[in-house]
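Attaching a single structure in C-alpha cells format; questions to follow.
Think of it as A, B and C in the order they're written, each chain with its own count starting at 1.
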Amino acid sequence: MKKALAIVLALCLLLTVSSAFALELLPAGDTYPIDTDATISWYVQGSLSPHDVYADWTQSPFHTGLIEKTGVNIDWSFPTTGADGNTYTNTLLAEPATMPNIMGVSKMADAAMYLNEGIIWDLTDYIEEYAPAYYAFLHTNPAYDKALKTDDGKYYAFGFFREDGGWNDSYRGPVVRTDWLEEQGLEIPTTISEFENVIRVFNEAYGAQFSFAWSRFKEGSLEGAFGAYATSDATWFIKDGEVGLGNTTEEWRAYVAWLRSLREDGLFDEDNFSLTDTTIKAKVHDDKVGISMTSMGQLNNWNKEEVAAGREGTWIGIPYPTDDDGNISSIFGGSGIGGYTYMISKSADEETMKLCLQVLDYAYTQEGFLYWNFGVQGVSWDYDENGEPAFLPLVTDDTDTDPMTKYNGATWGSACIQATKLLYLKNSPVAVAANDTWFYSVPAEVSSGWKWPNGTTFTVEENDELSLLNASNIGTYASESFAKFVNGDLDINDDTVWAEYLANYDTYNLPRILEIRQACYDRYLSR
Amino acid sequence: MIKEKPNNKLIGRTAGDAVFDSVNTFILLLLCVVTLYPMYFVTCASFTKNTYLLTHQGSLFWPVGFNVGAYRLAFTHPLLLSGYKNILIVLAVSLPINIVLTLFCGYFLACKNVLLKKPILFIIMFTMFFSGGMIPAYLNIRDLGLYNTLWALILPGAVSVYNSIICRTAIEAVPDSLSESAYIDGANDLVIVFRIILPLIMPTIAVLLLYYGVGHWNAWFNASIYLKDNDKLPIQNILRAVLIANSNTLNSAATENDQVNEFAESIKYAAIVLTTVPVLCIYPFLQKYFVKGVMIGAVKG
Amino acid sequence: MVASREKKELTLGHKLSRDYKLNKWKYVLILPVLVYLALFAYKPMYGLVIVFKNYKTTRGIAGSDYVGFMWFRAFFNDPYFFRLLRNTFTLSALSIIFGFPAPILLALMINEVQNTKFKRMVQTITYMPYFISLVVTCSIITIYCQQDGLFSNIAVLFGGERQNFLINVNAFRPIYVISGIWQNIGWNSIIYLAALSGIDMEQYEAARIDGANRFQQILHVTIPGILPTIMVLFVLRMGSILNVGYEKVLLLYTTSTYEVADVFSTYTYRMGLVNQQYSLSTSVGLFNTLVNVMFLVLTNYLSKKTTESGLF
C-alpha cells in the first residue's frame, strides 16, 4: 500500500514536470529565412520521409514548409518507396562524389573513418558560429555532447534527441488485464512474487498463461527484479566502469531459473518463442493470456480491438516488478539519443557546408523546435487554454494513419529534439499512462545507468578484429542457450552445466571482445 | 494439323485403366483442396473485417464482415497507377528482347559442329555462378548512364542462362533433318530459327514467356536501388511498401510507430490478391500451348 | 620444327575460316548475347576481388587494402562453421530429394487426366501458391504450428501430444521442406508439362498395341520422352545445392531451433546486420559457389554417363 502510494506520488510529481517544456533553447533571432538562391541536397534514410499519401516530397507540407522557414532550397531525397534503407544508403556511399550534401544515416560507428578519408566535413571549427543553437543544446547535457563527438573530440553531425531524455525509449513493459485483477480481488503487482502470483491465479481461474510476442520480450524484460542485465539477447552492461556481458552473471542465472520454473509449471507459454505482435492477438482476444509484455502502440491496439469485438478485456501498463524487498529493478529504455545522425558530405563546398549547418541548426532553436514537432502555428497547431501546443482540426479530423507526420518531422531518426508533448498527443491516454508507469516508476540511475551508451565508436582496426573474431556468435550462443535453459534441454540449476556454459564463451572469444569493448568505453568516457 | 491425345475411352478401356484413373483423379483432387484452401483463405481474408481476422488466423470459410477497406486503402496509394504503368512498359519492352535473345542463345548452344562452341559455352555458363556483387553492379548501371531510367530494369536481365538452357533442350528435340533440308533450300540460320524452330517449340516459348514475365513482375530489388524517383517504380515495390508498412515483422521503424492502421491484417492479403490476379488472367492463354501437343502434326507436315 | 608449327597454325587458321564460312550466321546470332554478358556480367565482375581485400564502401574496391585469405580463415575458423555447413547441406539435400521429383510426379499425373477442363483446373490451382509472399506463407505456418493449432489437432487425432512444432528441433526440417513443396510444386511442373506436350502420340499407340498398360506406358514412353528435360533441370538444381535462401529460414526459425536451422545465408545476413561486411559475405558466397560448381560438374558427368543427356 505504501509502495503504491509512493508510485502515485512520484507519478504526479513527474507529470507536472513533463507538462511544461523543460528545454532552454536559443531563439532563432533574425537569421531565418536566409536570403540565398543556393540549393542544398538532403538525403534521409530514416523515418523522416513524406507521409504515405504523398507521391513525393514536393506535396509534403513539412518538407516544403522547411524550405520556406529556412529560406534555403532543399532537394530532398529518400530511399525509394519499399526499398531497404540500409542497402540504398550503402549504394549511395559507394560513389562519394555524387552523394547529397546532407547525409542522414545510421553510421555513427563509421564516423571516424569517414573523417579520416575526407568524405565528410569536420565541423569542429564551424559549429559554434554557424550552428549556435545546436552547440548550446549539446552543452546542456554532457551525455549529448559525448555521444555526438568522435573519440578525439571532433564534431561531425547533428543528432536526434528526446526532450525528457528517453521517455519514449521505454516504449514497452509489463501489462495486465484489470478486469481480471478486479474479478480475482488482486492488486496491481509491484514485486516479482506478486507478479508470479498473478500468473498463477489467472492460470487457475481462466487457464491463461504468461504469453508475449517474442520481439517484445527478448531484448530485456523482467530481469531487473533479479538484478540481472539481460534476457535472451546478448546484452553488454557497465558496472563501476567495467564492461560485462549480462548473460554470464549469477543474477541472470537466477532469473532464467525462475522462468524455467514457470515453464515447468505450465505457466510460461511454449508458443512464446514463435509469437509475434500479430499472432499474440489471437490469445489476447481469446482469454488465453492475462499478464504480458508489450509496447505502447500494441497496448492501444489490444484495447481498441477488444472494444470493437464487444468484449470486456481492458489492459493497462503496470510497473516493472522489483525484487521482494522493493529494491532493484531495471527497465528497457535509453537516454533519448537516436542512432541516426546527419553528416555533411564533402560534395558540399565550404559555402554550401555553412548553409547546411544553418539549415540544420534551425531545428534546435525555439521556433524551429516548434516547427519540427508541430508544424506551422495557426495551420496545424496552436496553443490551448493551458498554453500548451495542441493540434488543430486539420490534424485531429484527419483519418489517415499518424496524420501529424504530414506536418511535423520529429520522428525517431530525424534531426531535431522530439517534444514529450508530441508523444503525449500522438499516443492514446492509456498508452501514455502505461509509459509513464514504465518510465517514471524506476529510478533513473537503475534504469539506464548500466546501459551501453549511444554513440560509442570502434576504431577501424577494432571493427575488423571483431569481424575476424566472429563477434556475432556471442549473440547466437546467448539466445540459443537461453531457449535451452528455459525449455529444460539444459539444466540451469546444475553447476557443471552452468560452468560449461560459461566456459563455452571463451570459444567464442568473449575475453578478447570484452577487452575491445572496454577500450571503446574508456575512450568514450574520456571524450 | 494438330492431333490431340487419343481418348483411351474410345479405344477400349480396361479395368486397370479405370482404377488408375480413379486413384489419379482422387490424388489430384486432394492436392487441389490442400492447395486451394490457403488461396481461398487469402482471398476471404482480404475481404474480412480486421478484428475478426485477429482471432481466426489461418481459418476462414467465407469473408466475415465483408468489406473492401483493404483494397480501397491499397488503391488510394498515390503510386499505384504509375506502378502498374511502369511494369507494363517494362514488360512490353523486355519480353520481346528476352525471347529473341534466349532463342538465339538456345539455338547456338544446340548447334553441332561449331568450332568455338565450347569456349562460348564456358563464357556463358560462367556468368550463371559468378557475379561481382551488388555494389559493382550498381556502379556499372551508373557508369552506363542507365541510373534512374526504366532501362535499368530492362537491360540487366535481358537474357537468363537458365532459360537459354531450357530453350536449348527444346531445340535439341527438333529433328536435324528439318533444318538440314532448309539449308539445302538456301535458308540461313536466322530464317531457320524463326520459320522452323520457333513454331515447333511454342510450348517452351510459352513457358519462357511466363518465366520472364513473372520474373519481371515479381522483381523489386533492382528497382529499389537503380531508381531514384518514386514515380518510376514498378508495382511490386509499391505493394512491398504497403506490406512492410503494415507488418511488424518487417518494419524496422516499428519501435515508435507501431500503431498500424485498421486494415493492417487484411491489406497483406489484398496485396497478394493484387499480385496474383494479373498472372491468373494471363495464364490460361499460355496454358493452352502446353495442354495440347503441337509438335506431332508439324513434324509430320 | 618451324615448318611443322607453321603448318599447324595454317590448319587452325584454315579450320577457323572454314568454320566462319559455315557457321557465320550462328556467330551473328550469339553476338548480341555475348555483348550483353560482357556489359552486364563481366564488366562488374572485378568486384569479386574484394574477397581478398578489406573492402570499405567509401574507399572503393580499388582503394581498399589487400588482406589475402583473411576472410576465408575467419570463416573456416568459426566454431559454428561445421554446423552451418551441415545444416545448409541437409536442408538443401532434403529439398532436392523430396522437392525435385514432386513436380515431375504432378506433371505425369496431370498428363494422364483425360478431361481437359479438369486438367486445366488442376494446373491453375496448383501453381497459385507460388505467388503468396513468404511473409504470409510463414505467418500461416506459424499459426498452424502453435500448441492449439491445426498440426497439434492432427497430432492429437493420431494419438500424439499438443506441442509447438516451431520450437521442436525435429520438426523444423520437415516443415521447411514440405511447405516448400506445397508452394512450388505446381509452378515447377509447368516446364515438364510443356516437355510432355512434345511427345509423339504415335508412340503411345504403338505401346498400346504391344499391350502396355498405363504404368508401362508412363515408364516406357512418357518418362524417356521428358528425360532430357529432367536431367538438365536436375543438373542445374544440383548446381545450387548450397543456396538456401535466408528469408524463409529467418521467418520460421526460433532460438530453440538454431541448432538445425542456422544456415550460411542467415549467417551472412547477421554478419551484414552487425557490420556491413561485404568482404566476408562475398567470401562465404564464393565458397558457396565453388561447392555448387563442384556438384554441378559431378552431377553432369554422372548424368552423361548414365542417361546420355546433360548440361554440357
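Here is the rule we go by: a residue touches a chain if its C-beta (ideal position, glycine included) is under 8 Å from a C-beta of that chain, and two chains touch if they have at least 3 such contacts.
Given the structure is predicted, the values throughout are model-derived calculations rather than measurements.
Taking B-C and A-C together, the pair of chains sharing more C-beta contacts is B-C. With chains reduced to the mean position of their C-alpha atoms, the one farthest from subunit C is A. The centroid of the Cα atoms in subunit A and the matching centroid in subunit C are 41 Å apart. Averaged C-alpha coordinates give centres for subunit B and subunit C that are 16 Å from one another. Chain contacts: subunit B has residues 57, 135, 139, 249 touching two or more partner chains.
Residue numbers of subunit A whose C-beta contacts span two or more other chains: 90, 94, 276, 278-279, 282. Across the assembly, subunit C contributes 57, 139, 143 as residues in contact with two or more other chains.
Listed in rising order, the residues of subunit A touching subunit C in the complex are 86, 90, 93-94, 96, 113-114, 117, 119, 214, 218, 232, 269-271, 273-274, 276, 278-279, 282, 460, 463-464, 466-473, 475-476, 479-480, 482-484, 487, 507-508. Of all residues in subunit B, only 3, 5-9, 11, 14, 16-17, 20-21, 24-25, 27-28, 31-32, 34-36, 38-39, 41-42, 57-59, 101, 104-105, 107-108, 111, 113-116, 120-121, 123-125, 127-133, 135-137, 139-140, 144, 155-156, 158-159, 162, 164-166, 169-170, 172-173, 188-190, 193, 203-204, 206-207, 210, 243, 247, 249-250, 268-269, 271-272, 275-276, 279-280, 283-284, 287, 289-296, 299 touch subunit C in the complex they form.
Taken in their complex, subunit B has these residues touching subunit A: 50-52, 54-57, 76-79, 82, 134-135, 138-139, 142, 220, 223-225, 227-231, 233, 236-241, 244-245, 248-249, 252-261, 265.
Those residues of subunit C that touch subunit B in the complex are listed here as 15-16, 19, 22-23, 25-30, 32-34, 36-37, 39-48, 50, 57, 61, 106, 109-110, 112-114, 116, 118-129, 131-133, 135-136, 139-140, 143-144, 149-150, 182, 185-186, 190-191, 193-202, 204-205, 208, 213-215, 228-229, 232-233, 236, 239, 251, 278, 282, 285, 289, 292-293, 311-312. Interface residues of subunit A facing subunit B in the complex, by the touch rule stated above, are 46-47, 52-56, 77, 79-85, 87-88, 90-91, 94-95, 98, 168, 171, 215, 276-279, 281-282, 285-286, 295-298, 300-301, 305, 308-309, 401-402, 411-413, 427.
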